[in-house]
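Since the structure comes first, as structure tokens, the remarks are kept for the end.
Should a chain be cited, it is by its letter among A, B, C, D and E, assigned in written order, with residues numbered from 1 in that chain.
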């Protein structure tokens, strides 16, 4: 069965697969354009870093065969793989490492580039050895190197990043039909194990139902992320479909504006946490798919602790905390399915304790970013914070949460500089602090829901990295 | 008023009456709070106080339909209201001075606005002011102005060449008096027909906008959004799509039949002046 | 040649024309007069088989040997435009606005089997025959480019194209000016074979026809040779009509028939004229029959 | 006629010019600065200022308008701030898709409506005519997207006979192209066909009452013959107007069907542009749509005159 | 628009409209001098301007107080155009119209009150000249309400005067027959007690049987109220029955005028002769 929905070459002998996605990239340049869509498609598949994040959350080698860390934990010496070539033929050397990491500082336009501010110098020792020295020890450094920040660019391949990505990965961009699909073909000169598929089509659907129908009718082989979990019953037939459910880094946060009344009052925030029946919320808003969490740490992070018991569902307690007062607040949520669904449940549950939340869905991303994220004009909001290891966002007092706790900031800084053990301990404590302060409420951990045709293998169970890793994807006959 | 009530008028009137009734009653009573989410009642089957069952949020479908009727009427009334209040005077003025520059200007602007269809305007307005029922209604209303202006103008032109207008002028009636006492009553039935047809179109447009996410925003119940939300359960719980779909179709059918019926009922002679879509 | 017996026309159970009988001999010119709403047009249309939807005719009407009422459309089709032709009242709307004049005239001939080329040529001849100026050019014009009188001539050309046995004209000159009317009447009188001429103008019928039928309330109330009927009307209605048609000198009062024609279905039973008739008595509650041959009338109190 | 054409053409051009101003002014109202949007929330102020300079959005609006409209005249819609791709080619690609979609839908509508509407008019007193009439009423009442969803459900998901969506360019595979368009055409065409059926019916009914149809029958044509030869062309005059109106609405209405069937058309491009705040793109798409509607109106007005000699 | 013929009223004998006056009709009430009305058709070509239609060419006439003045002519000869100008419902291209000594051309509506109170019109088609959405009461009262005059019992009085039952006031025009509708129109025209009644083919749309009723009514009213009558018809014999003076129009011009009996007996203009000959008659059927 030639399953590829693109139709183009769908029946050729070489194997290909079509994978359905929700958000299409606006362009292919993740050095200057925000959003998860670009790294999702390109990172690991087209661009590779020196290291990558394994399915278990550990950092594993990629373009670097190995790396050594100096005793003061400030110097990283990366030994590069031989015979790695960029598409187009240029060899990958330490010069490219220097070029790529310097470019982050000089050319990248995203705020997250500050994560690599910790780098002091990047130098080439020889063609296959690059040395990075840090200003101070940092646990986050290597992790950042596994994200898009660590992607390796060719010195001759950055002329038109928006349209012509040049990387070292197993796949290379073949064509892009804007508004429809991106096709990646296997890179014939790939240094590692050749991927099982000769080509992959990423098809984009704005409508969840349309994506479901496409899988049902053979238009695509995989739904990368189910947007309408209630519809999973359609794929219940194990003779035809398989469902993969894993975790993500995405905490669906009920953000409360700590910076203004009424949520500048810790008691009110705590009341909200008690007022919400998280189990019922998950069942109604997202068909029970996903995991309950009690703070800003997903279970795949080493410093995870189960904090779901901190604020058990207790409307009476919530009312008590409110002291008989009632509030009317603005709940401005992005117009995304999980947010709008959750908002309606939250509204009903808060109503039970005397908080009237007026839902105002805002167009995502533009209006939500503008109104809530940038201007901070909201009382309650709901958004899935998908970035990995993003506990730190609460440390920034100017962030839209308006949460400002010096102690929390200190814990985070210490964690980054300390040993791995210290890091874990500090972050556990930080997460507990957030929970106790009720800096926000954590509704649930967004599930990684993949549906695929029977016979498709190599699906990533957990979506904890920025990319959708196609390297192992294959199809049995 | 000549002509007998016909079957279309009867059926249309009944359907529209039902929508109005549901909307009115919903102000005072619905079986349940249509927006209250209750996990325990999720996808509850019809029966026992839930005549049409509950949706995935455990909200009572019947109550939502009732309140949705309100949204539907609200959309129609405001959109058609804007269109009629703006379009009719423009059309009458243009029709009463067919050769003047004012008339020319009105009709040119009219043609220009006509080039911005409702959906386009709604998307554009939605982009500026955020999507929502009011934005949608204004967009639909503005986009419907040209239809009213054209129909009003065509009908006014027909009225203006009659001898009774000459007679009124000979009797000493001035323009405003003629417009109010002779033109408006005589083009009234055409306008009523146009209004009911536009009403039906507005309902459809709102449904389409809700489907695209530019219409009524949650949690306010709207038939269009109910339909959109029920999509993912179309296979397992088709009734969730059935009821709002049926409600939209019947309401639109009702207004269309009412329009056709009124056309025949109010004045058989005016059949020739057709309402525009 | 044309014989009509007991022709009745109904719509929604209302009798609009009732029990009408008359005959037209070959070459004879018969007038049918009466006020608006008396059923003249319906009588004519039922002979053509062109009654509007929802209106039905019964009774018997024959043109030569062929039945006209109650026969299938297919048979009538063959007759219409060939043996039986009609000119309608409204010259402004009776022609297809999107088709050239010549084509519309030629159509009636091609329909009845004449080759296209010949029909075209003959169409121009016909236009000339009805005295239209520059017929060749006119054939290429559209109806809206012609005056009312010219259009009516085109209609006449169409009617005459296949040399019909009987021509029916339904108020062909009512919409025209007097001077134009005069020419048209002369033309009709000249070219018509047998003629059934409908009008409400008594003077017009007098100038064209030899015999006249007077209709009122869907019935023929009087019939006979023009000269007799107009000089010695027997029915009170005919008498009233004649009196009203003569304009007396200035300063004198004009005779008029009291009241007005009731709408269809509201005519009184018995003699249909009795509610407006100054001579009506209780005897008039019974329907009078059309009596007499030659000059016949249906009145209980004839003049 | 020449005079009319010249005058109408002048109106067309003037309208397009005014529309361009209106569209530009409207877009200027949109909240959000293209540079900020392009860079996202995490952008640095310096980068934003730099980008603004690059885009030229730091200049006065009038200069920006003149630039933009000047480009339009040469078919240049500018380069998107967000995707840094030239806009013109995108629009022309999408316009082709939408045009195929809309015209196909129109053909379906016409193929349905002309015979059905005529039938319903000719048999307006029979039960069968009433059935057609009632069916068209019901058809009008069904939103196009609902029709689309149901068609997908029946023909794609249940019967697995046709693809549920997606668009394959004709050049890639004509067969798949056709298969992929059948359901979208149907869902557009069924609903529009229902609307059109009613107009055809009333136009034919009107024509059937005309005197010249009686004249034709007096010449010896049968009912049907008279209607064919004399009626339909006359009936087509009002129907053409409606057709133009419909084509204009369809062009925009197709956006919903594009969404249901995942077809990369203009409507889809517009919605993406709005969602991504790709102002220049939105501006271009709106302009093209408006110009298309104006052009359709122009063609209809001219067609009207060609059809009817009285107006020439 | 100021009239170029701003000259004082000319002596009675010079204008073509001035025939030898009958006894008792002395003072001129309406004086029309050099009236022209050109309609311009929309242009049909780029190079040529639209064709001009001379609906009225240099028309002059005088109507005296109490006179019954007839105008005959064929369709398109300009009769209705002339009446529209007399009623100030349209503006002439040039020329002057004086009513009771006052110029009425070029005046705005608000300065025409004297004309509206003194000159009223009856149209040809009684159906289309009555607003179908108004009750007879409002129709008849319209000239009063429009001028801000009290209606009072005037409507009942008027209805009685034209021979309609009092309960007619509450009904709508379509509930009446053609003749009755024309009576309603006449009642309306008489409402402000005008001096002049202008009638544009008031009996052309009626059956002969009721034509007499309306003509009799008009004659009675003119006698009783001392009305001046301007009566338009395409039928010279009707004009002869009603009027003493006639003007014959053709192609926008008055081709002949004078006492109707003179014109009837000895038409001077060939067009008048043709008109007379064309009218079919019942003469010879005694």
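In this section, a contact is a pair of C-beta atoms (placed from the backbone, for glycine too) under 8 Å apart; a residue touches a chain by one contact, two chains touch by 3 or more.
Because the structure is predicted, anything quoted here is derived from the model rather than measured.
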Open item on the list: Show me the overlap between the contact partners of chain A and those of chain B.
Closed with: D
Open item on the list: Return the chains shared as contacts by chain A and chain C, ordered by label.
Closed with: D
Open item on the list: Among all chains, whose Cα centre is located farthest from the one for chain E?
Closed with: A
Open item on the list: Centroid of chain B to centroid of chain D, CA atoms only: how many Å?
Closed with: 22
Open item on the list: Based only on mean CA positions, could you tell me how far chain A sits from chain E in angstrom?
Closed with: 89
Task: Distance from chain E to chain C - Cα centre to Cα centre, in angstrom - done: 33
Task: Whole-Å separation of chain centres (CA-atom averages), chain C against chain D - done: 52
Open item on the list: Quick check: what residues of chain C touch more than one other chain, meaning two or more?
Closed with: none
Task: Multi-partner residues of chain A (each touching 2 or more other chains) - done: 209, 363, 367
Task: For chain E, residues contacting two or more additional chains - done: none
Task: Interface residues, chain C side, partner chain E - complex - done: 35-36, 148, 177-182, 185, 200-204, 206-207, 226-227, 230-231, 240-242, 244-251, 253-257, 260-261
TODO: State the interface residues of chain D toward chain B in the complex, per the touch definition above.
DONE: 11, 15, 18-19, 22, 26, 29-31, 137-138, 140-146, 149, 153, 157, 195, 202, 206, 238, 242, 245-246, 248-249, 251-253, 255-256, 259, 270-271, 274, 282, 286, 289-290, 293-294, 297
Task: In the complex, chain E residues that touch chain C - done: 74-75, 177-180, 207-213, 215-216, 219, 234-235, 237-238, 240-244, 260, 274-275, 277-282, 285-286
Task: Parts of chain C lying in touch with chain D, wherever the complex brings them together - done: 48, 50, 53-54, 73-74, 77-82, 85-86, 88, 90, 93-99, 107-108, 111-112, 142, 144, 155, 158-159
Task: Residue ranges of chain A in contact with chain B within the complex - done: 208-209, 212, 228, 230-231, 233-234, 277, 280-281, 283-284, 287, 335, 340-341, 343-345, 347-349, 351, 359-363, 367
